[in-house]
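Letters A, B, C and D mark the chains as written, and numbering starts fresh at 1 in each.
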Amino acid sequence: MDLEFGEKYETLRAQARDFARSSWPLQGDEAKLPEREQGILWKERAIAAGFLHRTVPAAYGGGGLEPDVLAETVIRQELDEAGVPHRGSMQGTHMLVPTLLECGTEEQRQAYIRPTLTGVMRWCQGYSEPGSGSDLASLQSRAVVDGDEWVINGQKIWTTQATEAEMMFGLFRTEPDAPKHGGISYLLLSMDTPGIDPRPLQMMQGGLDFCEVFFNDVRIPAANIVGKRGEGWKVSRSTLKHERMLIGDSTGSRKSFEGLLELARNTPRDGRPAIEDPHIRQRIAELEGYVTAREWAVARIISAVAQNDDMKVMDDMLMAKIASTNVTQMTAKIAIDLLGDLGLEEPSGDAIVMGYGGTDAASWVSQYMTSLSGAIAGGSSNIQRNIIGERLYGLPRDRRPEGH
Amino acid sequence: MDFTLTEEQELLQETVRGFVANESPATAVREIFDGERSAKPALWKGLVEMGIAGLTVPETHGGAGLDLLDAALASEVLGHFAVPVPFLEHTLTVTALIEGGGSEQQSHWLPRLANGDALGTVALGEGEDTWQPTHWTARFENDVVTGTKRYVPAAEKAGVFVVGIAGGGLALVDASAAGVTVEPMPTVDRGRPLFTVHFENAAATELASAAAQRVLDAGLVLLAADSFGAADRLIRMTADYANTREQFGQVLAQFQGMKHQIADMAVDVVPTRGMWWYAAHAFDQKMAGAGRAAALAKSHVTDRAQQTARQAVECHGGIGFTWECDVQIWFKRVMQDRLLFGTPERLRENIAATGGW
Amino acid sequence: MDLEFGEKYETLRAQARDFARSSWPLQGDEAKLPEREQGILWKERAIAAGFLHRTVPAAYGGGGLEPDVLAETVIRQELDEAGVPHRGSMQGTHMLVPTLLECGTEEQRQAYIRPTLTGVMRWCQGYSEPGSGSDLASLQSRAVVDGDEWVINGQKIWTTQATEAEMMFGLFRTEPDAPKHGGISYLLLSMDTPGIDPRPLQMMQGGLDFCEVFFNDVRIPAANIVGKRGEGWKVSRSTLKHERMLIGDSTGSRKSFEGLLELARNTPRDGRPAIEDPHIRQRIAELEGYVTAREWAVARIISAVAQNDDMKVMDDMLMAKIASTNVTQMTAKIAIDLLGDLGLEEPSGDAIVMGYGGTDAASWVSQYMTSLSGAIAGGSSNIQRNIIGERLYGLPRDRRPEGH
Amino acid sequence: MDFTLTEEQELLQETVRGFVANESPATAVREIFDGERSAKPALWKGLVEMGIAGLTVPETHGGAGLDLLDAALASEVLGHFAVPVPFLEHTLTVTALIEGGGSEQQSHWLPRLANGDALGTVALGEGEDTWQPTHWTARFENDVVTGTKRYVPAAEKAGVFVVGIAGGGLALVDASAAGVTVEPMPTVDRGRPLFTVHFENAAATELASAAAQRVLDAGLVLLAADSFGAADRLIRMTADYANTREQFGQVLAQFQGMKHQIADMAVDVVPTRGMWWYAAHAFDQKMAGAGRAAALAKSHVTDRAQQTARQAVECHGGIGFTWECDVQIWFKRVMQDRLLFGTPERLRENIAATGGW
């Protein structure tokens, strides 16, 4: 056990820090470009310098380096610290790109990966449907072949950034007579295709974080399929795996906890800071137990992955999502009690940020509501409980009607 | 020993329920949430015509002369349908006048409050959870009030304010008095908007100071009842959803995990009904410990309701988290009920102190 | 709503108080009798005076009065207060007697009810079996007819007072070929019949609160059946109903809460009583919310029953068991935290008392353990949750293998 | 950055596991619970022969020279099998000598502790949760100690006592010294009995006072590790039971309610493993905040373990509540781990204070 990163990684860290500070903000005329274009420019340079998308093959526009989770960790810490625009749409870089690398054709890789990495091409995800939440494979949106095109009809929901994205990857039922999981294909759609209609969906805290997307005789090229017809379910699994991994990050929990501490320090209670109240101290200290547990669980996971020992940390990986949800919800509940009547303010409508630690009341009220989404998004907590019981303790699968 | 409702009380609930079920369906409440907090004057007017505004006003002043328990029963129904009307604040104004008003104040205001000509509201807290009489700082001197009150319900439409003043008493201010300024606040439950009200040398008359704690206690009871009604509705909404929505070829309620979540919501909420019944009854009978019973009811019921509201969202899945799902309306109602007049934590400090611990 | 009992019941209360004080303790030679015989003597007089078993028909040794839950409430309050030996074995008086009144033959009523009421005949209950807990109807202990006798073989478990009781009522499989619920009969056994072997079962806190009872070719008269062959399940339902009602009493919760308050007052913490600690105050005040809710829920039930309006309080009745369990467990958890290192003491081994409020550490440690039994005894909490979901909200029954 | 165990550490766990799985099955632990706390000398002897007694004793004194993290890994395994041996107190005695002993004290005791000739124990608390050095009142003057210590593990067999003294320091007392009286206490975990020890002018030598907090911190880490191992075992026992026991024609685990209860137990416990790993590592590296990490680990892990133990009983149904069911053994182990050296609530007071809140 050694919590130091060691000379090799500290050198890399220094390089990353130097690069981050010298490359951003852009200077001269470049600084006058629209924000998004500045981001694209910076990303191109960061990829070229080996600080972004390091493991994507160079042929497709990445860094062409071996996977190294520790290198990625120190780089990310420095990029975060410097405030550079390194975080793009995760849907594209962390879900679509790995899927194409695993199941895409050479043409697809050539066409999509490079612009996705630089942020020129943004993606949204077309998985969930109004009738298919936890039971994703029951989706009903259809694509039928007509000549050399797919014709798509149906509806998707919970699509983030659907109004901004250039492209969508999604699951559609293409073999209606095949069994549930076998009739689905993984398709790629340009969002400016006629017949696609994304409509923002308002959340209870007021924000527009998701869209519904309607498809009305949308025609896309027959070649826009990843993997074979009817194999979309399998293809999508690699992507979902990545989504779950993403949620298993503890930075948000700690940031949120720090925000709560700040709130407790700044909230007066009978003329003293609320943080001096013994009951509040107990609640926050108990929460810190959960936050700390999350952090070291994540450290275990990262270290094991770095040693290609994923199997050793399967237990912690399976807990990540639900443990993180619990922390976020506990934080929100303490915050709302600290706020007292300030909690009566209308929520700020901020987008869902899992680990938000705001300073104003309205943001905390938003957080009080968005903290609920953790139990729903990316697989409901009840589904997670099933997975934990079945995979970790060999408990039997649920009895379900045939075919499900 | 008869801890049940009278036939009249059951009829009262039936009557209110019948009216609001028709006149205030979720779709109507939603219009307020979607719009600019546009009130529904007809709704309150209809309730006034039913006698709800004068429910606790003595018969000599044109009211029904009923008790806080009856008002709490009405609150339960209003919470159950998330009805966007100023019942709480209006009823507390009546309480203030009954408990602390002189005969002139009473004869002037009570008939107007009873017949709905005037809407009453209470301006108590001043921010930072200053709900207790000992916290108030608004100055009352020489028949004028000066100070700023926050989270005042329905202030925009009120004809009369009951204002908490330094020393723990109450003053009565005609809304038309010079020096009264109402400022909207964006608050969480759009059905029951709250305001900041500034009083700048506004003409006022004093009420007997003993009324202050009684008004607050009555408020705690009514909020508990409202919250109970709302939580009960949230459980039913969730059960209905779970009985309808299918996943993996069966309704959600078929999954025992979901079934037990709903049962746990019920175990949280259902047993609390008698608690606010009793708190209301103890208030009416001026029993020893009535204030403590009110604080116990408010803190416990609203805490359980909060937990239920959060579970209701979770059980509804993604849709439960959207603006278009009705859950948000009740979620926010419960939230406001829980925070108004003091959080459970703050109330429990009083419960401990008044328990002689 | 009127929380006064009114003149009629206050008069009755005064009479009950007078009777209780004048009738106990026994005087003169009677005071020298063994404790149990004194209890029997007192019970006979209390029944005759109309203060005990009021509603059992006079022909069978009861008071022959109309049911009046309010009368019973004031009387019980006074008898409790006076400390008279009015509480006997509930198994006999509250389970067996109502069952015989509903389903027994005239001979059975004549033979069993009177001695049961006076405590001459004590009963234990033979329902649960090692393989049949929540799923009671899966019981396997058998009774077969041989001439004019039943011959019984098998095993029961969780039998309280099996070593003291004179008699057992129990469920036995008599029609092995009938469907699960249809093959059971309700039989009455004398505990001194050869072949019956009750063995005390030690609990985790050390107490011997339950027995296992083994049956080895136990022969009892064929007439010792209540109801018809194969109808034992139905017969037992009326009894179980009474057991659940019993558990729905809030006196224990309040007593236990008062005990906790006392503990908090007497536990020093940094030189001051622990009850002055703001965190402890919050925890206890929150608990008082649950305790108070229980009390008024019970008051609602009693009042509605008094008005023959049971249906109106079905919701509270269905919650009673699990709500009470929750209160008991919360109380125990606060107590163990108050005790601190005193909680390291070995439990006292006290019998399971649902609402125990002890004063010494070892009793509280026992309570910390016995509080767990609430979630198990008299129908597990999970079964209760099923019942609540199904009866109150119309949720569907569990999917189970056929025949279950 | 390598937050994983070394091969040596994994091997250590494997070795201990292999031994205790064979030598200390639940049936053997049960014999102690059923009997009069009759110890199993062969068990500790076997562990001594494996080098467990000298695990953290420096090599120069005949030990393995390993770290607290290694000892914690052993503790996890001992907790998992509820092994009835005095590992905690013995290891803390070694810690006290390493951190606070003079070279004479070290050369006298460490080799004897390493080879198992002497058993060490720690006599810290004096009742009423007086676990912190600031609480201790035992007097050390003129090379003798006087005072009464409670909840002292393995005192009956100990050869040497590390005694907490007024002022927050430690003294070392040879168990054979005049004036040492050991009094048995009936305590909850029969596998690890506790005693009251009276010191009446017992000859003693002082240890450097900085060692006191280190001993306590190390104790918190070892208790957290033990509790983690025990809780992990309880979850597995419950899963095994649920996978075997049938009701209504199917195994209990087939009921989603039960399945989710087991999953929730896992979510409570499993993510806490890294927490005590880190606390041990921070102790070994003498990092800033190491003591706080130990308190966080102890309070959190033992609280989660307690909840898990209670759930394990409930999931086992009636049988889980009996003496003959193994659940009680682990339930009581977790209970003792949680209460020894301070309850979670008391530790959290320190966590708050040392967090600069």
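By definition in this document, a residue touches a chain if its C-beta (ideal position, glycine included) is under 8 Å from a C-beta of that chain, and two chains touch if they have at least 3 such contacts.
All values derive from a computational prediction rather than experimental measurement.
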Between the pairs C-D and B-C, the one where more C-beta pairs touch: B-C
Far-end chain from subunit D, centres as C-alpha averages: B
Separation of subunit B from subunit C, taking each centre as the mean of its C-alpha atoms, in whole Å: 41
Distance from the mean Cα position of subunit C to that of subunit A, given in whole angstrom: 54
Touching two or more other chains - residue numbers and ranges from subunit B: 250, 255-257, 259-260, 344-345
For subunit A, residues that touch 2 or more chains besides their own: 278-279, 281-282, 382, 385, 398-399
Of all residues in subunit A, those that touch subunit C in their complex: 277-279, 281-282, 399
Contacting residues of subunit A [partner subunit D, same complex]: 1-6, 9, 70, 73, 261, 264-265, 275-276, 278, 281-282, 284-286, 288-290, 292-297, 299-300, 302-304, 306-307, 309, 312, 315-316, 319, 322-323, 326, 382, 384-386, 388-390, 392-396, 398-399
Interfacial residue positions of subunit B with respect to subunit D in the complex: 255-257, 259-260
Subunit B residues touching subunit A - in the complex, by the definition given at the top: 125, 127-129, 131, 150-151, 185-188, 190, 194, 246-250, 255, 257-258, 310, 313-314, 317-325, 327-328, 331-332, 335-336, 339-340, 342-346
Touch list for subunit A against partner subunit B, complex: 128, 130-135, 138, 157-158, 201-204, 206, 268-269, 279, 329, 336-337, 339-347, 365, 368-369, 372-373, 375-377, 380-382, 385, 398, 400-404
